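Each chain carries a letter (A, B, C and D) given by its place in the written order, and its residues are counted from 1.
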Amino acid sequence: MSGLRISGLTCVKRDRVLFEALNFQLMPGELLYLRGPNGAGKTSLLRIITGLSEPESGEVCYDDMPIASSHSFLSALIYLGHKAGLNGALSAMDNLQFWLAQHGTEVSPSGIYAVLETLGLVGLEDIPVRLLSAGQQRRVALSRLWLKPAKIWVLDEPFTALDIAGIAWLERQFKQHVDNGGMIITTSHQPLSENAGKHSTLDLEYRF
Amino acid sequence: MKHLLLGIARRDVRIAFQQKAELVQPIMFLLMVVTLFPLGVSPAPETLQRIGPGVIWIAAILSSLLSMDRLFREDFNDGSLEQYMLSGMPLSGVAAVKVLVHWLISFLPLLVLSPLLAMFLNLTLDMYVALIATLILGTPLLSFVGAIAVGLTVGLQRGGLLLALLLIPVFIPLLIFATSAVDSAALHLPYYSQLAIIGAMLLLAAASAPFAIAYSLKVSQN
Amino acid sequence: MQFDSFSSFLHMGGYAFYVWLSFAVSFGVMAVLVFASYRQHRSHLKSVVLEQERLQRIKRAKKNAAVSVSHDR
Amino acid sequence: MWKWLHPYAKTENAYQLCLTLQPWLWGCALVCLIVGTVWGLAFAPQDYQQGDSFRIIYIHVPSAILSMSTYIAMAVAALVGMVWQWRTAYMAMIAMAPVGAVMTFIALFTGAAWGKPMWGAWWVWDARLTSELILLFLYIGVIALYGAFEDKQQGGKAAGIMALVGVVNIPIIHYSVEWWNTLHQGATISKFDSPSIAPEMLWPLLINLAGFAFFIAAVTTVRLRSEIVLREMHRPWVKRLADESGVA
């Protein structure tokens, strides 16, 4: 069955067990809200799910295939970490065009301009990214979600540096993506409002 | 393959040319280090000719250590490295392309500058021909092997000096063969065996380094 | 005139290569400097114009956004 | 003190001043350079020792002298900028740096080209050429430092301090290189003493010197104007200027 299945996942960082024997599933059309205090291992879990980090033990499968050997997993995935993944010397347009070239997705420049406009970045597309504010850089990073057709969104603190209007707007987009059969795992330092629609939660507690 | 070229190669070239000032710095460092030797040792043409090859190669290695750090550090710090890993492109391919672009950007100007260095150190024409041959074969080797150490130290805050400690011992064979090639050119002796050895080292590095770099990036990324 | 004929002037007492090379390179580099300076001046002026256009685009976008918000209410 | 200069601290007046001075500077530069070069190349007598190769002196000596004086002018501009907080002074300093670097390069190249027939090698570690090369490194240091800063205001101040440090070091470098050269006198064969200057040889040299000086001043005004436009980008008079210039 399609979807993400995590079984028996254990992660140890600097010989401190963050979580142990974690099992959960994420089905298409589901939004999973990952909650837990700082240092509970939320980011580490997300990185293991995307395959960036190796777990101590356990397995992450997509469509019943381990993600390391699954071809369709990476093309169906978008990961946005704490770092925006944008090079300061390049402009937002350049950064996104190169990112799309790396992921083998064809989007016309006008398409990119349109997405940046919906994110309220008109006029800021061609100046070096380092001149943008943290919130604007976060919006440029977020614009990737609508540039590459991907089902799985793995987002680490996507709301940081966004203003209130931005947060509400992003939550509505989550709801829309989930309704279209997408899957989202996200962490957030503030609870999701009802804009984001129904969502399941997973709690990680801090272990000494 | 197209993704690699369009996504990584053009991007690195674009970034490098956005910061033109940084392109010039390793070359000026090399020129200044070479200028120190006549002032420090002696301006006598014979002495300069004898120490010339060694001076140029040692200066090239030191200046490469300076510019080597820039290979992955920027991408690691701003998160682009994570996006490379999740882009479906083979990480070893990404590493190979980045190393080649880095060689083009920082070592090609060195080759262009080498006639000036040869003039400063009073090298004869045959010595210069040998020098260029060793530089063309040797500098990509510097880039490939250096990139492995850069991949390992990219996660550390102060990786610069540690990089030098890691790489200088590894560069010693290259230094020995390159300088001996130029010296035997000075004595009009054939130096093809030295070039062959450097070439062999280069081929070995070109074949195995990308995978080692990819692995070291995964290790420091984890 | 120090030289009896134009060809001996060009010959420059056997040092033609060095004299003409240094004069050519010197005036060449100076010409490049002048050209680069004027080009830089033009490009700075152009960047001012581009900056102004960008600010207009941002203002217009804000105005449209304000107009569209008022429609929603 | 210097009150009459103060209005030019305002960059717009400085811009207008450059505009008015520029044609005159270009005029004088071209006239002096043409007269000086033609006179030096064609009409000045041969040197009894070096023959006609000494004619390179008509470019080498002016550019060598002016490379040094441009650096000193840069340091003075930096000092003025620092003491009286004039932004225009810093901009003038930055405008001068590349011009001085070009002059130093010309002095180096012509020195090497002049040395080749005499010593048989394109480059000899002669005292004057070596200190000229080190001066080029000082220029490149100041330019690279300014380029490394994003905030041009801060970059100007940093480059200014570097220029002052450089100007203090120039005599030290000069005499230590001279001493180093005498130390290794046996080693090198550089009897680079300039030939005895007969009066009719001297005139074209002085004219060329003036020509080069006017050239430097003219290029500096051009570069200063472009620096002002860049640094005062958001000022209304610059916006008006950019529109009028029709560089759309």
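Here, contacts are C-beta pairs under 8 Å (C-beta built on N, C-alpha and C of every residue); 3 or more make two chains touch, one makes a residue touch a chain.
These numbers were taken from a predicted model, which means no experiment stands behind them.
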Would you mind checking which chain's mean C-alpha position lies nearest the centre of all protein C-alpha atoms? B
Among all chains, whose Cα centre is located farthest from the one for subunit D? A
Out of every possible chain pairing, which has the most C-beta contacts? C-D
Expressed in whole Å, how far the mean CA point of subunit B lies from that of subunit D is 35
Report the inter-centroid distance (CA atoms only) between subunit A and subunit D in whole Å. 56
So how far apart, in whole Å, are subunit C and subunit D when each is placed at the average of its C-alpha atoms? 19
Centroid from C-alpha atoms only, then distance subunit B to subunit C, rounded to Å. What do you get? 33
So which chains actually touch one another? I want all the pairs, not just one. A-B, A-C, B-D, C-D
Contact set on subunit A toward subunit B in their complex: 50-54, 74-75, 77, 79, 81-90, 94, 98-99, 101-104, 128
Quick check on the complex: what are the subunit B residues that touch subunit D? 20-21, 24-25, 28, 31-32, 35, 38-39, 42-45, 47, 119-120, 122
Looking at the complex, which residues from subunit C come into contact with subunit D? 1-3, 9, 12-15, 18-19, 21-23, 25-26, 29-30, 33-34, 37-38, 40-42, 44-49, 51-52
Within their complex, subunit D touches subunit B through residues 121-125, 130, 133-134, 137, 140, 144, 147-148, 177, 180-181, 184, 187-188
Residue ranges of subunit B touching subunit A (in the complex, touch as defined): 2-3, 6-8, 10-11, 14-15, 18-19, 74-75, 77-80, 82-89, 221-222
